[in-house]
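Note that the chains take the letters A, B, C and D in the order they are written out, and that residue 1 is the start of every chain.
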Amino acid sequence: MGWLDANLISVLNGFALAALLFLIAVGLSLVFGTMDVLNLAHGSLSLIGAYLGVALVDEDASLGVFVLAALLAAAVGAALGAALAAMTSAINDHLRQALLTLGVALIAADVLRELFGSDPERVSAPAALAGSVDVLGRPYPVYRLSVVAVAVVIGLVLYVVLERTQAGAIVRATVADRGMVEAIGIRSQVVLLGVFGVGAALATLGGLLAGPVLGARPGLDSTVLLLALVVVVVGGLGSVRGALLGALLVGQVQTLGVSLLPGQASYLLFGAMALVLLLRPRGLLPSPYAHAGGHA
Amino acid sequence: MRRALAPGLVGAVVVVLVALPLFLTPYPISLVTRILAFGLLVVSVDLLTGVTGLPSLGQIAYFGVGAYTAGMVGVHVTDNLVVQLAAGVALAALFALVTGAFVVRTSGIVFLMVTLAVGELTHRLADGLDAVGGSNGLAGIPPGTVLPGGEPLLIAGFVYWWVLAVFLLGMAVALVVSRSPLGRAMRGVREAEGRLPALGQRTYAVKLAAFVVAGAVAGAAGTAWTAQNRFVSPGDLAFSVSAIALLSVVLGGAGTLWGPLLGAAVVIVVRDELAAYVAGYGELLLGILFVVAVYALPRGIAGSRLRRVPSVRPA
Amino acid sequence: MTALLEVEGLTLRYGAVTAVDDVTLTVAEGSRHALIGPNGAGKSSLFSVLAGATRATAGTVRFGGDDITSSDEVARARAGLVRTYQHSSLFLRLSVLDNVRLAVERRSGRPLRPWPSPRADRRVTAAADDRLAQVGLADRRREPVSSLSHGERRQLEVALVLACEPRLVLFDEPTAGMSAAETTRFLELVEGLPRDITTVVVEHDLDVVFRLADRISVLAAGRLIADGSPEEVRADPAVNEAYLGVADGREALFTDSPEAGRP
Amino acid sequence: MRTRRLAPAALLSTAALALAGCGGGSLSEDSGGGGDDSVTVGLVLPASGVYEPLGVDMTRGWELYLEQNDGQLGGRDVEVVTADEGEGPDVGVPATTRVITQDQADVVVGIVNSATALGVKEGLASSEVPLIVANAGADDLADGGEWVWRTSFTNGGIAASLGEQVAEDVGDEPVYLMASDYAAGEESIAGFREAFEAAGGTVAGESLTPFGTTSDYQPFLTRAQNSDAGAIYAFYAGAEAVSFVQQYREFGAAEDLPLYGPGFLTEGGVLEAQGDAAEGVQTAMHYSNLLDTPENTEFVDAYVEAYDAQPTTYAVQAYDAAAALDAALEVSDGTSGADIAAALGEVGEFSDSPRGPWSFDEEHNPEQTYFLREVEMVDGAPGNVVQGELN
């Protein structure tokens, strides 16, 4: 069997992982870019999404039920995002934001453990997308292929909204210079609330969509948070394209990289991140609008 | 500005600390021992984060090098704690020099993430290296002695005194450095990194020097940890420990050295002691503590006598 | 009089934009030199290249006879070519005294010594206090910089620069944002500098320029269009035209807004 | 300013005074309890972190035994002090230190994590407090030393029990080995490999998969599929086991590579979460709640009645730890740690354990029967149906 045949499935799977990582991480990146808030409760938002999947989607759920659950997850995420925006709005210092949002994350973790128990839970894919199809002569889960499609659609929508609409222009301007946007009479608080809401909604939605792949369990929140941080920092904070590139890179490192260098698997992720950051401290594709992302 | 704590007060605190084993039973004394070792790690994080303005999630790596070195020296070479301390500090400082040469080229969030990577890679290395016990940790470390051929320290109070000595030494180094020209330059980096070159000062040198000093202090903390537990495991190097250490700094009041120390004490007492009364909810308590602290203690436990400076963004 | 700073054929391009175009000029030792020009003339770019913050695309810079074209900011500062900042860039949460001590230590102490030394520290403190007295901030020495007024911060900038024992100081729009009283005090301060310190001022306020300078270089569209004594420059028709494009230039020269001039 | 500067001293001295209320001092040898006729047991089990589900099961097993024996062990009153073992030694070691110094426990029972168990081993020995390990499986944890006894298993032991069976099942085909990349995984692979190769089996390849990132096993499953293996042997537990078995099914490995492994792969809550994805997985374990013996039926009934849940192997290990302590205290001269440790050496066989008869071997590990179990749907839910004995 040729190298390509042997590894193509890993490459494909890398895209599926990248799709999930992108959905979860892009909100973290936008919130940092616009609000200058490093939200360490971002992973908890995703875990809440996953547990919503546990509660709402059972084994033979129809696609409709799954979509409804996804919409509900997004709505819950938006509400939680707004709450987080309100909590962090008065706090400018990154370290105190970290203290606050990590505190929230610790509380959320224990609340979720009370509600759903500490056993790992499986989130079912909708019946229509369960099972596998043959890709290159090997079975591949249909659900993972659908996740890629969903991520592409959401990514395109985000891109169009940010680059081609008035609202997007305001968000971009806020990334570049918050003071200036206020000066021209736009209440940046509203923009920030909106961005935090959307970012959090994407995180919960991503969490729910990731459910059938990653499951739902205590501790998944910090795993996801770390991965999302790696994705956005590698990609470049505050940029949608950066988050996408970061997700693609991390996805491939975790599948193709692991498959090529199995002995070094444990070191690949952080090794890759350290390397990228030492060569390009602002990430691979820093936001063209963002101020220097370096300050704490 | 930051005036020295009154010498009399420092003296009184030291006397109380030295006298503790006379009236505390073994368990509380082991708790204070743990607070001192962890506190010294937190002080090293504060040297970078609070004093130099470089938020670090990686001091656990140098703590780990110190802890594992002390353990390996204990198992294979000598049970002498002074030798273990010297070896641990030397290797930790060396490791800090080698890694710092790359790491200190960054700052801000990127520094945070690069140090996180260093910490995690060290953690995984400890987990994978069978020579240091792998994921089961390094066990079988003999009780240490202070003088060559002396009695091994088995009793909690004596172990405490050794850890206290290491702690006071580390704390003295941190205080001395923070009051030296280097300390002033470190605060200069924190306040306006871009301004120093115009004064003819390379910030790289300042940051690297700070990084090595902080690494050495973290290494000392690691040897103290090993002296107490006589066991090191990769779990001691986990990301969560780094995060808690960094947040102890914020909780205590970054840049003050003694504030973060109190932060560390509060965190350990809340997570390990109060949590014993509500088993399994230690992290919940910690979370509540963090959230409340952000609003109730906007400048950390240490407070701050400075007027709040409006944060100025670099243009 | 000998030349301290010699700029030859200096050019700075950003892609297709030429910010500084083949500038050649000389700053004499001990002179009070000013660099002026209308909006977008390239003053800030030239300043940035001279300070070593930006690398020139072409040309050479010599300082005290040495080629410093490829020296960075740190090396230039150590050689005695020191700049101020347009927006105060000070160590806000450090005391006024500590700000100056940072500079003194770099110059005459051991800036990375990791332990205090009472004798050396006393010497550094005394030198720093001298600088503070020189700029009139002696009574604020214990205050954090964040509690100083705008004008006081500019005074402190000067103290910092002096502590570097410069041979040449580059002032970047030093009076921008100052009240009239603050400007007056500041001008007295600069005028009081010893003559062995050469100064180059980039400034919008022409009243300031004509009061301070004994020699003026005028930039327009990146090129040097005039270079001479204040009288010569004032009379130069090319300068008036460059500033205005109309007959009477003086009005516009005075109403220039300080902010708009930056690229 | 004055008051603020005093804050640290004030805090410290208050703390010191408060703690001083405990009296004593810590400059003398501490012999640890043992004075009276009642026994203090330090029960150290995870109440937080990834091992919490095991902690819940084990606490139940322990409490059930005590309840069935009126709160007495060996005819003596038992005081149980609990401590949260947490996820790793960073929490577990200090927790254990507390129960032996502060609470003066005469014996420590529990410990899920091997690193934690190894971390407390020395301290317990120097305090002369015996440790009854009710889960941690590190091979050399119990080595016949005076103070460590184990009622659970060794990683290598369980793995080895499968060797001959798998060799027989696969015939000429080799087996691909996979395990989580930490000590237990390595021990498990080593134990299996030795027994399997001794029985004539060959190994196609081996992958140690990293911890705690995405739990994505596709690259490794693909390697196994691309090899010439006829079966997979895998060591996973907890959430990793859930993801692994699910992906084993999704990526089609289940179609032609039968899956074998130690029973943690399909135990308790893990099996519930895996659902029908686990069907057909064959595991080795020293217990199954579906074991058809009178002792087990009685135990399961009592357990279900008390907790409305099926017992797991973890619960039985803790139940048997209580039984072992019961038997030891029955023959013990006193209640000091040394007395209990000596008595543990004289307890003989436990004939009415839910897992079947077992006894301590000379290394103080359980000498017990391992069962081959296969996941089948029983009354609509997956269960570990016992296929036979391994040995």
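The definition used in the following text is that a residue touches a chain if its C-beta (ideal position, glycine included) is under 8 Å from a C-beta of that chain, and two chains touch if they have at least 3 such contacts.
Small disclaimer: the values here were computed from a predicted structure and weren't measured.
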Inset, instruction - Would you mind checking the shortest number of contact hops between subunit A and subunit C? - result: 2
Legend entry - Contacts common to subunit C and subunit D (chain labels): B
Legend entry - Relative to subunit A, chain with the most remote C-alpha centre: C
Inset, instruction - Can you check how far apart subunit B and subunit C are, centre to centre, with Cα atoms defining each centre and the answer in Å? - result: 43
Inset, instruction - Averaging only over C-alpha atoms, locate the centres of subunit A and subunit B and give their separation in whole Å. - result: 32
Legend entry - Centre distance in Å when subunit A and subunit D are each reduced to the mean of their C-alpha atoms: 35
Inset, instruction - Scan subunit A for residues touching two or more other chains and write them down. - result: 266
Legend entry - Where subunit C touches two or more other chains at once, by residue number: none
Inset, instruction - Send over the residues of subunit B in touch with two or more other chains. - result: 124, 127-128, 281, 283, 315
Inset, instruction - Report the topology of the inter-chain touch graph, choosing from line, ring, star, complete and other. - result: other
Inset, instruction - Return all touching chain pairs. - result: A-B, A-D, B-C, B-D
Inset, instruction - Would you pull the subunit D residues touching subunit B in the complex into a rising list? - result: 1, 4-9, 11-13, 16, 19-20, 22-30, 47-48, 52, 82-84, 86-91, 93-95, 97-98, 101-102, 114-115, 118-119, 121-123, 126, 138, 181-184, 186, 210-211
Legend entry - Residue numbers on subunit A that touch subunit D, as the complex places them: 1, 6, 9-10, 13, 17, 59, 113, 117-122, 132, 138-141, 213-215, 217-220, 223, 227, 254-256, 258-259, 262, 265-266, 269
Inset, instruction - Using the touch rule from the top, collect the residues of subunit D that touch subunit A in their complex. - result: 49-50, 52-53, 56, 181, 207-216, 218-220, 222-223, 225-226, 238-239, 242-243, 246, 250-252, 255, 268-270, 272-275, 277
Legend entry - Interface residues, subunit B side, partner subunit A - complex: 49, 53-55, 102, 105-114, 116-118, 120-121, 124-125, 127-128, 239-240, 243, 246-247, 249-251, 254, 281, 283-284, 286-291, 293-294, 298, 311, 313-315
Legend entry - Residue ranges of subunit B touching subunit C (in the complex, touch as defined): 1, 176-177, 179-185, 187-188, 190-192, 194-202, 205-206, 209, 213, 306-307, 309, 312, 315
